[in-house]
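Both of the next two complexes hold chain A, though its partner changes from chain B to chain C.
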Partner chain A sequence: MSGKLDKFCLVGAVFALLSLVFPLSGVDPETGKNVAFVSDLPGLASAMVACVVIGVFFTWSGVTSVLRGSIILLVVIYGAWQAIATLYDHGLAGYASYGFWMFIASLWALVWRGIDVIANYRTLDQGKQQTANIIVPLAFGIWLLFLWEVITAGFGVPQVLLPAPSMIGVRFVNSTGILWDDFRQTFLKAVLAGYVLGCGSGLLVAIAVDRVPFLKRGLLPLGNMVSALPIIGVAPIMVMWFGFDWQSKAAVIVIMTFFPMLVNTVSGLNAAGRLERDLMATYASGYWSTLFRLRLPAALPFIFNALKINSTLALIGAIVAEFFGTPIVGMGFRISTEVGRMNVDMVWAEIALAALAGTAFYGAVALAERKVTSWHPSFRVRRH
Partner chain B sequence: MTTDAATLPAARTGPGLWTRMMKGQTGPVCVMLIGLFVIWYIGAIFMNMPGQLDRYARAKQDWTVSQLVEATLNQDRPVLPAPHQVAAEMYKTIFATKITSKRSLVYHTWVTLSSTLLGFGIGTLLGILLAVGIVHVLTLEKSLMPWVISSQTIPILAIAPMIIVVLGAIGLKGLVPKAMISTYLCFFPVTIGMVKGLRSPDHIQLDLMRTYNASRWQTFFALRWPSSMPFLFASLKVAIAISLVGAIVGELPTGAQAGLGARLLAGSYYGQTVQIWAALLTAAFVAAMMVVVVGLFEKRVLERMGVRA
Partner chain C sequence: MTLQAVVNNVAPMPASKDVVVDIQKMSLTFQTADGPVYALSDVDLTINRGDFVSFIGPSGCGKTTLLRVIADLERATAGDILINGVSPRQAREDRAYGYVFQAPALLPWRSIERNVTLPLEIMEISKEERVKRAHDALKLVELNGFEKKFPWQLSGGMQQRASIARALSFDADLLLMDEPFGALDEIVRDHLNEQLLKLWARTNKTVAFVTHSIPEAVFLSSKIVVMSPRPGRIIDVIETDFAKDRTLDIRETPEFLEVAHRVREGLRAGHSYDD
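Entry: the complex of A and B
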């Protein structure tokens, strides 16, 4: 037994105990009675008792091992499940009161302690350490989703203001057809075309600029400055020039992605060291051979940096450009029209799709970077 | 950026001014800008030519090349307005119109700028607070940092119209919702930069603080905070630029009431290309100015801290 009491477990236990006493729900305005009591809900009551028990136990004995942390997390998962079941199956949604929120507070304290233990877990076993490193943010994310769900349902937040994640999920699954069409229009047509064209032309111009020091000195400061400008504003002009369809969005993306690529590649082409260049010179290697064998590979980390920045910019460019006029399909179009019709859950489904697409795109680029530039020092395994 | 290079070499003696300018950045940048203007004019002539020829053909009017060129550069609603048209529009709406008028670009710029700055202020504060939490609480770092990083890959601007409309539905209108978008956008770069910055002191320096028996707070204010300043300013430059983008995009869904974004949208509705370009150039100018101002602050602060660039 440790000398110090475990504060988080203590808080968790106290709140769970209080939640057993206080009323679970407010007063029903029609009947004038409480909607639900703890005694009516054996499932929730058992979860509360479990929280009290482990809270009290670990307050004295301390959460000393990952096993104990996992036990806490398991109890919390059970409690969270019971809380959601109570909300939806027993008509607590919108009427939740002190008792319920105290239970949530108790779960919060306990989940924090559980995550804390796993976050502090140190081992030399790579696999185990990595699992722990993934579990922590994952558990935290799930916990946030749970909080979102419980708060929107418990307080009866109007759906127009903020729909519960479950509602968004249902909408997402039910409208995969529309979402796929939007995805194809915005991502597969506009984003990919604009991204390839913008990054490609940025790369080629950078190689050309690199040969002429005068151009390099002139274009680099301008390119750096451009990154601070709200380029997205060219969207209405591009829509006028290239029409409503995906070509205008691709044009916006080309302009947005061109300069990061240019600036990064130009600085990347200078990354090869003096020694390596001299070595290439002693091999009597010409400009092109040096470029392809030494300087471009040495510039790859910079190029990938631009590719990663651009992956996000491209999606933003396409979506915002669609606010200025599109055919009746596309992620930006859907967002702006469904907002107008107050179908907020559909908007959230689109945002979830955009988030998924953006993360997947970025992830794909990052993965390619790992494969292609695995020699770079930043990918060496650090042990500490 | 470029002005530094302009003044510095000129102060020294040596080769002629022209050579020195061309050796540095100023000369090339100027040449590039002049080239840009030339391309712009040529582009304007060629992009407006089909429309003008069409007009001549319909009016059954004879034309010479010089007439054609002059006409393409002075159309009412050109495909690509010539620089002098945009300049004239900007002069008209910035200097020749009363500031309080809804036609004044100064008025619209102020609307956008106020929400940009409000959002920037709140976002920076939030970002710094989050970074302080992440640096000091390991659990927060392990659980929150991956989400902060992955949130960078999400096209956050997509949320903008929803925030505006939904907050408008519950009675929040005008400045605050736009500022919220800016807040949201600029809070991530600040967090990431500050986490890096607050971690930047060497182990040896942290150990020194420990030998002084310095508390966490003392270490924070005497060591971590000062050494994070360069990182903070680097992120602030990114943050203020993105904050302006957020404010502009935030003005789109409100149906073009006020602000630079509204000017863009109204221009695109009514085909007023000159107005779009004027708003766009103003936005670019404001963005550049804000970055320059942050840069000046950076210089002052770092100079007072004794850092030599």
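Entry: the complex of A and C
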């Protein structure tokens, strides 16, 4: 017996023990009877007992190794599986009561402790460390989805308010055709075109602004004003100007992404130090030579900053702009129409798609940044 | 037309081919919001080919400014300056000098080799030639084998040596060095001083070297220019005649101490104006 008790395991054990005692379900108003009892569900009961056992064991002996943390996670996975099975296979959905929620609380305490151990895992072995680094956010995400699932199912939350993730998943898988069309329309056409045009023109204008002093004084304040324009106001006008198809959405994105790129690049071009400029002067380096050899490379961290900001702005812009008129395809169009038809699971499937696309887009830009500016102090450490 | 008239019409030529820097009655005044600042006043200076000239003086005496004027990074407000017989601007455009700054100023996104080849790239020299010259320059500063490293992977002393290699890479005859070892500890500084001296003896370059260390100035130089502040001016020029292959041991000889004493006296005299 070690000196200190492991509080999370203790909480997990206590809640698991209570879940065995408290009623698992509420009363079905039609039959006037409880829907389910723990004693009828050997799977769930065994999971609860397992939680009690490992909770008690690790309360005293401590979760001292990754192996022990993994054992806890395995037990939690088994428990989560049994909880879901009980909800859907044994009619507990909508009738879950104290016992069930205490079991969830027990799982929560245990999973917290298990992930905590893996999150604090430090090793010099690159492969193992990376696996541990991936497991933590993955386990965290899966746990949140699980909570979402059991809460919506257990309390019987109406589907219109919040569908369960499994429902959204099913809808996602069954409508890949529509989702792909929407993705192609909104992302591959509007977002990419608008992003490239907006960022590209922002970069070029920034170089011009840097070269010509009156543009700096005249255009930058104007630019700040335009960047403060709400896109909700601009989007309908762009639809009038450029038509219903993706071009008007690309135009909205150009407006949104142009100024972050402009402002960031202008300050980036001034990032090269006095010393480095003097150095280039001693070589009698011309304007363009200095621009490409010194100032643009020095501005790269700023430019990538704008590229990352813009990657998320572009998707928002495209989806919102589609609310104002679009051919009958597109992520924004789908969201606005399906919400009207109460097909909330489809809306959530589109949201999930947008989240996936946005994350992948941002991730790709961040990866490119890491490759291109690996010399920058914020990435350097990894190369040692 | 008489012969005399022809001679008078000819543009002033340097006194001899061996004068690298010729400064006469040069002044530099910065206009600031608080009124004019007299950075340099009435400076006369001649640097001959093969000289190692140190500029020494307290902060604010204009020694760095003087070096920057020679490099055409600042413009004199009065007087005449000729570098290799032409204006500083022309000399800069001819790439007549290599400049070593107080900090290494290596570009972090370039490897050591690509930092050294940077001036060669700007001068549009072919790739093979660039690599060859970088190799030679890095060898001169004993940094061969570090071509593929990035600046941050090197110590401060090594970074400064890389920046010297960069200044050497295009083989300018004149080397301008602005307190290049000021940020380094004394052991590294001694070592680099010896290396620099060897390099100077071997290549027969002309070096203008700014420092505020008396031993450094006396050890390195063939000519020591003592300066004083407000306004920045030259108060003494001391010629030394230590052997070109001298080592750090000469710092204990009476001759060395005598020169160091004279430098110190000069600096003290310059300071007494402040009181």
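Brief remarks on what is shown
The working rule: the second predicted complex is superposed on the first by the 361 of 384 C-alpha atoms of A that agree within 3 Å, B and C clash if a C-alpha of one lies under 4 Å from a C-alpha of the other, contacts with A are read in each partner's own complex, and residues count from 1 in each chain.
Definition applied: contacts are C-beta pairs under 8 Å (C-beta built on N, C-alpha and C of every residue); 3 or more make two chains touch, one makes a residue touch a chain.
Predicted model, so just to flag it, every value in this text is computed and none were measured.
Aligning the two structures on chain A places chain B and chain C side by side, free of any clash. In the superposed model, A:Met342 lies in contact with chain B only, and not with chain C. In the overlay built on the shared chain, the residue A:His376 is in contact with chain C alone; chain B does not reach it. By the touch criterion defined above, A:Leu197 lies against neither chain B nor chain C after alignment on the C-alpha atoms of chain A. Of the two partner chains placed by the overlay, neither chain B nor chain C lies in contact with A:Ala50. Aligning the two complexes via chain A yields an angle of 70° at the C-alpha centre of chain A, spanning the centres of chain B and chain C, rounded to a multiple of 10. For the pair chain B and chain C, the minimum alpha-carbon spacing after aligning on chain A is 8 Å. Contact residues of chain A toward chain C in the complex are 273, 275-276, 278-285, 289, 293-294, 297, 300, 373, 375-377, 380, 383-384. For chain A in complex with chain B, the touching residues are 112, 115-116, 119-120, 133, 136-137, 139-141, 160-162, 214-215, 217-222, 224-225, 227-230, 232-237, 239-241, 311-312, 315-316, 319-320, 323-325, 331-332, 335-336, 339-340, 342, 344, 347-348, 350-351, 354-355, 358-359, 361-363.
Remark: chain B residues 1-2, 22, 24-25, 27-29, 31-33, 79, 138-139, 141-147, 150, 152-159, 161-162, 165-166, 169-170, 237, 241, 244-245, 248-249, 252-253, 260, 264-265, 267-268, 271, 273, 276-277, 279-280, 283-284, 287-288, 291 touch chain A in the complex.
Per the touch definition, chain C reaches chain A in the complex via residues 71-73, 92-93, 95, 97-99, 101-103, 105, 107-109, 118-119, 121-123, 150, 152-153.
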